[in-house]
């Protein structure tokens, strides 16, 4: 049995490493992205094998799903930019003198130069082997599992990961929400969004599928959110699933990006951090410490925060997919 | 700590107006003059009060801890008062001169701002109570002078500024390193007459020797000791008041004063002789005296000649210190004052010639005595004083240096003194002779009159008054050197206190 | 009734985190008023930090009494996250507050377009909050997160001008930052795998010179050196810092880089202390000398004002590296290093702000064509010069005191018998000359004879704030005793 | 057979996966150095990140009992941070391509003396960088 598992592990790892290698060696960007999405899905499998279903869910939804969508839409944007530059519109600046194949370079990367091969290889080998050596010398520590286990009864939830994320190490989670928000603020500061995600959808299939998919996604998202308190799931996975639904919606409505009103949108993306912070400050005032809850209030507060966080994450991920800020935000 | 505020007040009497002047708009002409002269006057008065106090034997000290082990110490002893009074008097005069000299020229706020900073730094140097404080003001002086050197903004001025900074900052770093090292060895002591390193002479003799060389390099650049002098003649591109200040009061003197402090109050003459340090310094000083004179002989540009003369004359001070006996030190210290007064006169004269008649070269001086008699008279007094004609100031110096040489049994120094006096004569007499006896064929070219209109005197009164004043002062310090409050009398007091000698007459 | 300061400290620390986060969140949610929120928030955070520092110093004189750990949510380590305030973090918090307040005031004048303001302020407030949290964090993984908060907001601000140079600088900066963070995170993971805890104090107690610590040290040091642009991992710095908006450059060169450096220092004084060997110190010191020379050489040939300043950051951080071998001989020297970093941050920020004013007035910052503006704006040039003097380490400035102490430590190592100490002393002394040379390059054109061109009008904020900050940098010399005293309140440090 | 069982025990997930993670980390590093296209570099960084997470989860699964929930929570946080950074990086890449026409970062020091505009001046308005070359773009129905 264990031998079979070992063989499974080895095959899985070989697959992951092989896919990663092909992805990094690829000269065609589209191919690389597809391989990367495959890589993410294989990773999710590995996480299941490592008894981390929460992470597997997150990896599939966020690592492979959302990242994949972001990568694909980026490629689409690059293609359209290069095509526009090539068609020689009057106000385009002169093409980059560094290469006559500027269009090609947008979506292709020529094989790397020979001279960097050995230095890079040796460097990577040294780093990798040192890492492996260090790891093989480590003891079989149990980590913090017993400590978490001992405190589960006062955490307000039944699922240890949720307890860690939203109670024991709530500060990290708060900052994580903040990072998602900052990434969006950064993307918005670059300018208004373009219309690329809203290219006409190829045929009637997508809208048709959507009618089926979006309700399912919403139900799944809400379930995953609710399940988070006692089973694998939680705000991030739910947010990613809802975000994915949102992205599909954006994709399916050609030339009709919803005119997002500025103020509600801002409130929506900040709801998660704002509520989290309010609860945290209340804890500080009430003597439970910053980001602390009274034991009795832990569960409802955690759920409240999770709901707000899910909403904000979903909204932010969709906004990151659209990339630029909506015109409404400047009004 | 009593009276520490007096020291601070002396410092701020120029620092405050200086900072205020920076923020004055260019056209606030009168306010700027008021600030300038007010600051200079207050400083003069305060130094007078301090002088009286020190004469009474009062102690003045101010100290502010900057860091554990680093204190900013201001203190007033007789020696610091010598330099401080010199700066205060000459600053006042130079301020008047500079106001006249720069009348109507642009960027006067900047100029006078840095001018005041420069003097604050000089007074700070004079009043420093320990090496670290000395270094702080010494470096501040470097920085405050640079904008003055490059004030004209010509490529030549900027080149001179770069050279000046290159030399002074490098030497400043050497000095910095040496002082930190010394502090590590001996602790952050204040200046003590007779030195405070005696305990280390057994254990750290080599370190002390190396340190002395480093310190001399650090101070030698500003004091223009050979071979570290090359910046000085090139810095002549600065406006005349700046040259005057650089040569007579601030920069060069700061270097010389540093050397005096190190030999007298850090090492102490005894230790310096014991370690064989003064002998080397003596040779360098003597060489610089001769070298500077010979270079001065070769220069046709008047300011250039004066610059090389400074190189030579400042080394008299160092020569005196290096003789390391009471009489030699009297000669050196008194020359600090005498050279300052005399040299500033000469530079003012050169500035007047240049400003009034556009004359820069010695070969153009023919007959100038008839056009500008007072200035030429002042120049003559200065020149003769430098040569050392009795009873002018220079004679007093050389006389004591000679005595000091005899006392130290360094007879060859007498030869150096005689030779240099001959050389002095050889480069100062020609301009004097030309000025009085030479014939001018063509009419004078009059740039000052052309742009500022006719003047009542031979030149603008603000240019003339300082020249006359310092010339008379130069004459007076020579003539009345026997009085107690003359520079010589004061220097004798310093040496008596430092060497605990009984009252002695000359 | 006045309670002992210790009892208030934990609340005040958590309150600082809460306040700076609240300011950022409110500005994000209400961008229309972001600049007003930013201004009042900046003043509030500044006041809070000053109050906190007063409480902190009052809680001394024992280091243990003043240094405080706050369990967030009431969960003590190893389960929960601890905030950690000691003399080192307190000093850097105060530094951050000063520079950030100046930058905020400056930005009021610099960012005046309505739409730009809405984008700028939330990001800037997040950056500031991130820095505050970085200095207060006492948990290895939380450090990674705060580093990310700082990097992402900093990158967004670099790209803010939207020009090709700025965006390509930002992309490079972002990739480098992600790489650095990942390297750091891998180190954290290794340490976690070995010891099963993330809290820095617990880690420090358990760490020894084993393979895990070695590899973690390599990874985390390399990652932080990347972020701090320490030689030879610095190539990204100049384009990023040089093309960002002026207030952002000031914060990047003054605070963000210092933040990474702070973390390096903290780790090497704590978790990795068993690994510090003389040979390692000498290696780092040599890197520092190389950085000093390379950065100065680049600053001497760069054609743009802000590039010169950016390269000088590389050079000045060389100093900090040179200090590492000194710390091995004289452990007390670390306080000097921090003081130097503080003074550098103040001076560097004011130089960047002054450069921004000139750039704004002239419309560019090409040194060769800047003469007219330099001549017409003596106040800004004075600020540039004053801060430059501090960078050179000349009196009266804070830089002088810092350099004095560094030199003292360097000469101390020579006297203690270390031959290579001569190199450190020469580097410390000579670096000042190189600094003088490039500062002179920036200031000298103001003294050239030529026409004056005041250029575009600048707001009073942009006119006065650089001068004010430069004055603070110069007067920092007088705060030396206080700073060094505060730094002694760091338990566990030598 | 005994040998095989021993081998299987040695190659427990707690050792195997961290090793795999280390390999991914090194591989990502290699790709980051070798590839020039920014999208590929971002992929390389993501692969490095996945390597870190694999080490973390592998380490968490090393003990006898259930895996360490703290490590898993940290990984979750890490993944979200990674996706945020990636999203922002991609937005920057698109913006860069729009401005310069390429999305390649070549090795070596960049040209830092390139002219820089000053946003604080009146004539420059950041009313949508991408919108500038495409006047029809902020037309939202």
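Should a chain be cited, it is by its letter among A, B, C and D, assigned in written order, with residues numbered from 1 in that chain.
Throughout what follows, a contact is a pair of C-beta atoms (placed from the backbone, for glycine too) under 8 Å apart; a residue touches a chain by one contact, two chains touch by 3 or more.
This is a predicted model, so every value here is computed, not measured.
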Partner chains shared by chain C and chain D (touch criterion as defined above): A
Chain occupying the most central position, where position means C-alpha average: C
Chain whose mean Cα position lies farthest from chain C: B
Averaged-CA centre spacing for the pair chain C and chain B, given as whole angstrom: 43
Mean-CA-position distance for chain D and chain A (Å): 11
For chain A paired with chain B, centre-to-centre distance based on mean C-alpha positions, whole Å: 73
Rounded Å distance between chain A and chain C, as computed from the means of their C-alpha atoms: 31
In chain A, residues with contacts to at least two other chains: 131, 135, 138, 141-144, 148, 168-169, 172, 176, 179, 182-183, 186, 189-191, 330
Per-residue overlap in chain D, given as positions that touch at least 2 other chains: 18, 25, 55, 59, 62, 68, 70-71, 74, 77, 81, 84-85, 88, 92-93, 95, 100, 126-127, 129
Chain contact topology (line, ring, star, complete or other): other
Pairwise chain contacts, counting only pairs that touch as defined: A-C, A-D, B-C, C-D
Of chain A, residues touching chain D in the complex: 2-3, 5-6, 9-10, 13, 16-17, 20-21, 23-26, 29, 32-33, 36, 39-40, 43, 46-47, 49-52, 54-55, 58-59, 62-63, 66-67, 70-71, 74-75, 77-78, 81-82, 84-85, 89, 91-93, 95-96, 98-99, 102, 105-106, 108-109, 112, 116-117, 119-121, 123-125, 127-128, 131-132, 135-136, 138, 140-146, 148, 160-161, 163-165, 168-169, 172-173, 176, 179-180, 182-184, 186-187, 189-195, 234, 236, 255-257, 259, 317, 320-321, 323-327, 330
Interface residues, chain A side, partner chain C - complex: 130-131, 133-135, 137-139, 141-144, 147-148, 151, 167-172, 174-176, 178-179, 181-183, 185-186, 188-191, 266-267, 269-270, 273-274, 277, 280-281, 283-284, 288-293, 329-330
Chain C partner contacts - residues on chain B that touch it in the complex: 22-23, 65-68, 70, 109-110, 132, 135-137, 139-140, 142-143, 147, 150-154, 157-158, 161-162, 165, 169-170, 172-174, 176-177, 180-181, 183-185
Partner chain A, residues of chain C touching it in the complex: 11, 14-15, 17-18, 21-22, 24-25, 28-31, 70-75, 78-81, 115, 118-120, 122-123, 126, 133, 141-142, 145-146, 148-149, 152-153, 155-156, 159-160, 162, 167, 186, 190, 192-197, 210-212, 214-216, 218
Chain C partner contacts - residues on chain D that touch it in the complex: 18, 25, 32, 38, 41-42, 45, 48-49, 51-52, 55-56, 59, 62, 68, 70-71, 74, 77-78, 81, 84-85, 88-89, 92-93, 95-96, 99-100, 105, 108-122, 124-127, 129
